[in-house]
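After this come two complexes, each holding subunit A, first together with subunit B and then together with subunit C.
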Partner chain A sequence: MNTRIIFTIIVISLGSIAAILPKTKTSSTQLTADELLMEMKLQTYVVSTDELADLLISNDPAIMLIDVRDSVAYQQYHLPGAINIPLKDLLHPDWIPYVDQISKKNIFYSNGTTLSNEAWIVTKQLGFRNNYVLGGGLNEWFSSIISPERPASTDPNEIWALYETRKAASMYFSGSKPAAREDNSTILPPIPRKKKTRVQGGCS
Partner chain B sequence: MGPIVPLFNISNEINLLMAFIIGLGFGFVLEQAGFSSSRKLAGMFYGYDITVLKVFFTAAITGMLGLIFLNFMGLIDLDIVYINEYYVTSSIIGGVIMGAGFIIGGFCPGTSFTAAAIGKIDAMWFVFGSIVGIFIFGEVYPLLETMYMSNYEGSVKISTILGIRDGYFALLLIVVASLMFWIGEIAEKKFKREDIIDEI
Partner chain C sequence: MKHIYIISLGGLILLMSMFFIVATIQANNKYRFKKSAAEMLDEVSTRHHFINTAELNEMMKASEYVLIDIRTPGDFVGFHIEGAVNIPFERLLDEANESLFSNSSPKILYGKNSILANSAWMVLTQYGYENISVLNGGLSSWQEPQNQEKKPILDEQAAYDYAAIMKGDQGI
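What follows is the complex of A and B.
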């Protein structure tokens, strides 16, 4: 048979296979269950309360605390500088620029870690970057930073050093402070990120 | 141009090196396939040589089938594959200018460089003309900007416009291309010209 005819048949049959293939969607950002489990095992997305206290005391401008509890709980108490995005509103168009951005380190927190972990999983699966979770949540924040437990006198020096740092942080966050400068600044909304970066290209 | 290897965070320099190596390969293949001869491109216009049509459509079909199968196997995310943005007006005007340039000059931008590389003087002039054209375009761009940016359609796929699945469009394109190849070969016989290579 003529080579041309063979090639025509091959390519048309490949096209027919392409036409009958079921519609599938491959996403490079979505993690499989295994990958997600691995992320969780490695705990790379967790920011400890000590790290957070350090970041807050040094006034790190690159972090954004996001309270994922409801607004009532937020009104009662929230970490300094935190914004409130209740979990159910996480994907509201108004809030997307806050959770899908590349300039700041978002730290989700809730009372425990259930809500914040859920928020993290959702954003992770959507391929949003720079989202973290406060390890232990507010409960851990209170037990470790606000009222740290006094170690036993026989404990090693490192534990005492940590205790002293925590105590100092506790004073910083709860003790009397000099009257703060009147704060008229508002949290500026971030600039919405452009849709997922496509590989730019051209032709000949 | 984006990263050639977007999987890993490799440095820009390595990316450019990869681009350079791929570019060398591309140029070599173009030259070996005879594309540095302007008769190949002009032949498409006069109908005595449809190699260009075959090469471009074969490339399109190969790429298209590759993307569809890789997507089906879960190896590629079609959402982040670059789709050229469609500006209707500038596509039409640019297409006419480019087509005219093809038939007047006998080269496409890529083949002009391969031809210049093997020492063809007309190709060197063609490259020089392209650079002059780029310079003029850059200088008068503010005047053209409105027209250049008009009728923007975004990154669209023909299958989306037709409202059919990518796979059906692939089959359609393959059938059409095969028909074109067969008809083109009939045309090649009809408009056949004598081989003048020996005379040159």
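What follows is the complex of A and C.
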């Protein structure tokens, strides 16, 4: 008799815990502010200009470059294949399928890293995945890839190897223009992330 | 008699588990965002939080301000703006700093440049703290007085005429 009562009480208390817990459970994609701080410190979302050059040269179909500057700056110059989503329009319903998707690796860029970083933080807060930032932005792209600085003759071989790779990339991007890529760039909207929908129907 | 004892014991367990639940909810809530992403985007777009060195000098004439250096302690010891306190970036949300940020006096963040300081500003603003500014260009603009009057984000200044370079006008 006693054991049965104890058992009942334990079941009821565990049951009441279980009944309350799901309400407070945070979604796995939703970060808290201190997790966000840690991720920023580790800089795991930053793509270097060398990595981007590799991706563009290998014509990687899984990357999507997103220019977050205004449309005037975009029209003057933008990276090959990039689309333009000005920072202030980032959460416009038309653009949500582009920034909240699972099929591509989005790389935000601006002249520096401030605007692209802001775009990343805003999308991260919403739990969007697959978004990255071009470290140093266009300024870094031009100083490291388009016109790389010639190292001193006394520099170690690795630095020269890097320079030669960059010089080759520079010729690729400024010499023979990758026209094919521009022509084929019918940019399809990416596959939107599946949203959990509530069960419809019933006798409400 | 024994039943009453067991029931009260059970009630106690129930009560304790309730306290536990409430405690975990509050712990989870601590770092919940207080501003939505859309609000953050609006706030960022106004750019009211970027100040230049001239404005910083003006603010430092007042008696109440907190100047926060977000670089590593090593960098801070090497050189820092006089009157600054050092809170490394990853420690900004430490409990010890809570009173500092919830204080109503103006707070200015700076780093080596303004990129990380701006990230710090966004996190602190998302967390609900107010009256925080970012030194445009960070320590590098403090050390280069010619940048004093510039208001646009220094990091976002185009260093090249991209279009001209790509056309080959500048012979690179």
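In the analysis below, the second predicted complex is superposed on the first by the 156 of 204 C-alpha atoms of A that agree within 3 Å, B and C clash if a C-alpha of one lies under 4 Å from a C-alpha of the other, contacts with A are read in each partner's own complex, and residues count from 1 in each chain.
The criterion applied here is as follows: a contact is a pair of C-beta atoms (placed from the backbone, for glycine too) under 8 Å apart; a residue touches a chain by one contact, two chains touch by 3 or more.
This is a predicted model, so every value here is computed, not measured.
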| item | value |
| --- | --- |
| First, second, both or neither for A:38, with subunit B first and subunit C second | second |
| Partner chain in contact with A:142 - subunit B first, subunit C second, else both or neither | second |
| Touched partner set for A:150, first subunit B, second subunit C, both or neither | neither |
| Which of subunit B and subunit C A:16 touches, first, second, both or neither | both |
| Partner chain in contact with A:92 - subunit B first, subunit C second, else both or neither | neither |
| Broader residue contact with subunit A after superposition on the shared chain, subunit B or subunit C | C |
| Subunit C-contacting residues of subunit A that also contact subunit B | 12, 16, 20-21, 24, 26 |
| Subunit B-touching residues of subunit A, taken from the complex the two chains share | 4, 8, 11-12, 14-16, 18-29, 196-204 |
| List of subunit A residues in touch with subunit C within their complex | 2, 5-6, 9-10, 12-13, 16-17, 20-21, 24, 26, 32-38, 40-41, 73, 76-77, 87-88, 90-91, 110-115, 117-118, 121-123, 125-126, 137-139, 142-143, 146-147, 170, 174 |
| Touching residues (chain side subunit C, partner subunit A) in the complex | 2-3, 6-7, 9-10, 13-14, 17-18, 21, 24-25, 28, 31-33, 37-38, 40-41, 44-45, 89-90, 92-93, 114-116, 118-120, 122-123, 126-127, 153-160, 162-163, 165-166, 168, 172 |
| Contact set on subunit B toward subunit A in their complex | 1-3, 6, 61, 64-65, 68-69, 71-72, 74-84, 108-110, 155, 165-168, 170-171, 173-175, 178, 181-182, 185 |
